[in-house]
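The two complexes that follow have chain A in common; it is paired with chain B in the first and with chain C in the second.
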Partner chain A sequence: MPARTARQRDAWAFMGPGVAVVLLALYIPVLYTVYLSFTEYDGLGDPTWIGVDNYVEMFHDPAILLSIVNTLAWVLGTLIVPVGLGLLVAYLAYGLRGAAWLRVPFLIPYALSGVAVGVIFSFVLQNGGALSQALAFLNLPGSELRWLQDAPLNTIVMILAASWQGVGVNALLFTVGLQSIPKEPLEAARVDGAGGFRLFASMVWPLLRPTTTIVVGLSIVNSLKTFDIVQSMTQGGPNRVSETLGVTMYRETFLNNEYGMGSAVAIFLTVITVAASLIYLRRQLSLGDAAPKTDAAPKGARRA
Partner chain B sequence: MKLSRKAATGAAALIIVASVAGCSSPSASSNELTFVTDKSWDFEKFSAVSKDDMDVALDPAYYADVNAFQAFIKQSFRSNKAPGLFTWHTGSSLEDLVAEGLVAETTEIWDKAIADGNISESVKDLYTIDGAQYCTPISVDNWVMYYDKRTFADLGLEVPTTWDEMMTTADTLVDAGVAPFWNSGGNPWAFVWFQILTAGTDVDLYNALIAGEAKFTDPEIVEVMNIWLDMKENGYFTDPGSKTPAETQIKDQEVAMIPFGTWYSSTLDTVGLESGTDWGVFPIPNVNPEQETIPVAIETAPACVPEKSAQRDLGLEYSEWWMGTTAQTAWSEQQGNLPFNPNATAGTEEFQKIGQEYADPKYEFYLRYYEAAPAPILTASLDEFTGFMTNPGDPMPFLEGIQRVADEYWSEN
Partner chain C sequence: MTSKIIRYVILIAMGILWLLPIYLLLANASKLTSEYSGSNLWAPGNFPALVSNIVDVFTTTDVPSGLFITVIYAVIAPFIAVILGAAVGYAVIALKLKHGFFWFFVIFCGTVFPLQLMVIPLFAAYSQVGLFDTAVGMILIYSVVCLPFSAFVMRNFFAGIAESVFEAAVVDGAKPWRIFTQIYLPMSRSALVVVFILQATWVWNDFLLALILTQSSEIRPVMPMLQALQSVQGGGSAFTVLLTAALLVSIPTALLFGLSQKYFQRGLALGQY
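On to the complex of A and B.
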């Protein structure tokens, strides 16, 4: 026993710094933010406890409600465009000679930061910018559109700008997924006469489920916390019409010095992000389980 | 084995202690003043002047994002990392710090500077809270209208001296395909034309609005917004959503006039435009010619010393030096702006002339909207003014949006 105790003490000595860092950098800030969300605080002096007032006010503010709608539009948009296009690029390029080179142009934008993408697309999409000039030169309609000033057009074009950056990495993840699919079932399906869309829908898509789960899960989380591209392109404007919850959180905290309200938005955003991730992942994992679904069964038993 | 485990445990503990200790030791030496700023000005170059003159150098840390900077400063007050000197804003931002006792009082420095004739009483008012002074100015900038001398010469235009003349000039520019005035939506510049038009109509109304004694929905303010609307409908403004900087637009002769503080001259330098030949300045005339004084917006960049900074005394010593003639002459020469110290000399002829002009008592100085408006009202204003500029029309819904926030703010403060 004494030897075991000594070993445990040594183990804690090594684990201690890591545990301390996790507590200091993750748990305590989250708990402090939860506390702040129930206070009125301008970043100076001491916070004043006001109960749930920030949360009540948040759900009565039309601009924050619009921000929630915009955030959901980002979730939907980034599921349809970058995930869908990523899958398309990966599937079309899969098996082709030189496919890696075909994927490279899609992957390069991923190396850029969201702010850099935002700045570049701001110049492309501003009134009279590169896009409008190109459309006018080609006598195509749309050169008069105010891409970044009218809602919901500004949210849509920002989602497309983010997609430009995100397609490549999704394509890469799907390619890895495609490469991990065993060849035998696909060949068997081909022998049975399946091909084209039928082969994809009945064989490839179900076998890709583990990859799809990861890509969609990441996409949901990333889109819920969208901030950098919106902040650099429209600052959530004009007049808050393209704001997302990430921008609202920043605005309340650092522009209005209302740390309590900013914290309330942060906690709300965290709750819906964690909830969306848990609901989605649990659903996907249970669908992927071959055993019959019984809610009462312990997880370990299901996996076995 | 046991020994080595103990040694490893000890080493881990040592690393933690060393890292914590490393966090707490100040890095600047005794004659090096830690200085944190959100300005992009060249403080290293200026530091060479102070090193020569008073043997104290600045050790500047720059923040590109003003909001991140302000969050850092606020947090630094709670730790032992408070700098010896930092830049801030006057108005409600400074009042917040003073209310919590976070910045050192500078009344003695101000008394001496005024006695020496280094600064005017009117500037002191911007730094006075409850009868005492806090912080000292790095620079004090008056607002002027910058104009493109090349475009004015091409079209045979004279510098306007009244509002009507300025509108006639604007009509000529519109006919020539040049946008008369620069404007921009978003943070920070959406307030500019509201400020000019309100103060130019009635500066007392402007001050009452800032103090919460008038409402944004008052008929006088609606009238101001309608003047703005007329100007927009006449095509007087640049695209408020443009991402092209104002200095690039004036360089390319796409816009003829830009209202800004005298600090803007150094920005015009960066695009190769020269004072006196390419650009000049004139006082922005009153919208309402009946108004007795001509209001001029003023903004000032304060340097403040944290009350609990380890370098408090050195910070105050540097603050005092920065207000003096030697420092202000060097600073004005470096920045190309107007020195607030009457004993110092302006860097350019344009500013020497406008400095003399503004010495006339017919000019009245008021604090720029960005500093004067409390933070939540400012943020709401910038949003609503951007909305108004983007989709011009009935101003009332926009004004009601600001007033809602103002009502809430003034009910609590």
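On to the complex of A and C.
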């Protein structure tokens, strides 16, 4: 018995620091943000309790409502474009000679930061810039568009910029997923004459479900938090038309000194994000549990 | 056979399309401010101009000090996070902490909350206790933010190490600390490297925390500096210097990424974006 309690004390010596810093630096701030969201506070003096006023006001503020719509557009857009193209790239490249090299162009953007992507695309998309010139040269329509000034065009092109960055990582995840699909049923289906789209729809897609769940979950969670690219390309402008909730929270708090409203936006954003996370969190944790089960199987008596 | 050719054609065409923005970045970072004009955006640049622009970035902007301090953050903070995360995994798996999974879950949930939820109190608290705009403050917060993911990976990795390894060491009279540093950490070198690289990349590319918790040019990481450069210099000919700066701050992560692609692939399979 004493040996066991000593072991527990040792265990806490290893666990303690991690738990302590996470509670201190992540959980307490979260609670304080919850409190602030029910107050009016300009960063000076003391917060004044105003109940749910911030939340009520939030849903009557046209700029914030537009920000919610834009955020949903980001979620949908990044779900369709980078996830879809990522799957396409992974599936087309899978099994081809030199597949790793074919994927490289898509991986380079992933190594860049959101701000760097913002700088590059602000340059490409400036009025009369590289994209407009290319369209004019190819006699395609659109060269006169003001890509970053007009809504909803600016949100759309920023989603495409984020997609440019995001395809590679999704392709990688789908490649890992494809590699884990057992070869035999696929070969059998191929021998039976299934090919192309039918093979994909009837065999590959269902077997990829676990990967798809993770990719979709990550994509939703990350797009909800969109901040870097928008802040560096349009700062949410002009006139707040391209804001996402991440940018709105930053603006309300640190530019308008509306700490209470900024907190309420952050809480709203979090509630949606956590709900979306639940889609993939369970799967992620069960993936983690799979390891000990398989490894401990031969000497499993102890565990059980 | 034809289907294979079609697949190659589609992938190569898409790949070229994907490289065009990179080409535009390189081409225009390699033009002197005097050579740059709105009408030759697609023309290639030249190497001497690129060198001259790099010199410009290093002599006329804050980017060099930003690069220096960001290297410090991106090395130290992930290192702390990896060790703390390994300690957490070790406590749960090897030392069988009572309710270990619950406490592990408490730490893991730190990845679920968006950073936006914490930055307001962090900013207020940092201002109060004097950590705002300090290197120590940045290292602290980056370490904590990186901790949940590293605890997640290390717990999974340790779960794959046979229990008999630990028991045998105990029988030999080794203390838990020695078993941790002499056996568990060396055995998990590959996982530690994966986590370190992923988190270093994250710290390097961070914008939100950097923007909110720092102010002075000696402390501020490089991403908010790049963005500030954009709002000052955006438009006009100074685009060449701005693009060169964007290129410079991207090289470290691109190199790290290229050199360790297979590590990344392994890390990604674990669920980190």
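Everything below uses one rule, namely that the second predicted complex is superposed on the first by the 270 of 304 C-alpha atoms of A that agree within 3 Å, B and C clash if a C-alpha of one lies under 4 Å from a C-alpha of the other, contacts with A are read in each partner's own complex, and residues count from 1 in each chain.
One rule holds in what follows: a contact is a pair of C-beta atoms (placed from the backbone, for glycine too) under 8 Å apart; a residue touches a chain by one contact, two chains touch by 3 or more.
None of the values given here were measured: they were computed from a predicted structure.
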Record, for the superposition on chain A, whether partners chain B and chain C clash or fit.
clash
Considering only the touch criterion stated at the top, classify A:I80 as touching first (chain B), second (chain C), both, or neither.
neither
Taking the superposition on A as described, I'd like to know which of chain B and chain C A:A275 touches: first, second, both or neither.
neither
Examine A:P17 and indicate which partner it touches, taking first as chain B and second as chain C; both and neither are also allowed.
both
Larger contact residue set on chain A - chain B or chain C
C
In the overlaid three-chain picture, which partner chain does A:F123 touch, first (chain B) or second (chain C), both, or neither?
both
Partner chain in contact with A:A111 - chain B first, chain C second, else both or neither:
second
Which holds for A:R251: it touches chain B only (first), chain C only (second), both, or neither?
first
Figure out whether A:R240 sits in contact with chain B (first) or chain C (second), or with both, or with neither.
first
A:V56 in the overlay: touching chain B, chain C, both, or neither? Say first, second, both or neither.
neither
In the superposed model, only one of 74-82, 128-136 or 146-154 in chain C has C-alpha atoms clashing with chain B. Which one?
128-136
Residues of chain A at both interfaces, chain B in one complex, chain C in the other:
10, 13-14, 17, 43, 122-123, 126, 128-129, 235, 250, 253-254
Could you list, by residue number, the parts of chain C that touch chain A in their complex?
3-4, 7-8, 10-12, 14-16, 18-19, 21-22, 24-25, 28, 38-39, 41-42, 84-85, 87-88, 90-93, 95-98, 100, 103, 106-108, 110, 112-125, 140-141, 143-145, 147-148, 151-152, 155-156, 159-160, 162-164, 176-177, 180, 201, 204-205, 207-208, 211-212, 223-224, 226-227, 230-231, 234-235, 239, 242-243, 245-246, 249-250, 253-254, 256-258, 261, 264-265, 268-269, 271, 273
Residue numbers on chain A that touch chain C, as the complex places them:
7-8, 10-15, 17-19, 21-23, 25-30, 32-33, 36, 43, 85, 89, 92-93, 96, 100, 102, 104-116, 118-124, 126, 128-130, 133-134, 164, 167, 169, 172-173, 175-176, 195-196, 214, 218, 222, 224-225, 227-228, 231-232, 235, 245-246, 249-250, 253-254, 259, 262-263, 265-267, 269-270, 273-274, 277, 280-281, 284-285, 287-288, 291-292, 295-296, 299, 302-303
The residues of chain B that touch chain A in their complex are 2, 5, 8-9, 12-13, 15-16, 67-68, 70-71, 74-75, 77, 96-97, 99-100, 102, 185-187, 239, 241-244, 375-376, 379, 383-384, 386-387, 389-391, 398, 401
Touching residues (chain side chain A, partner chain B) in the complex
6, 10, 13-14, 16-17, 20, 42-45, 122-123, 126-129, 146, 148-149, 235, 237-241, 250-251, 253-258
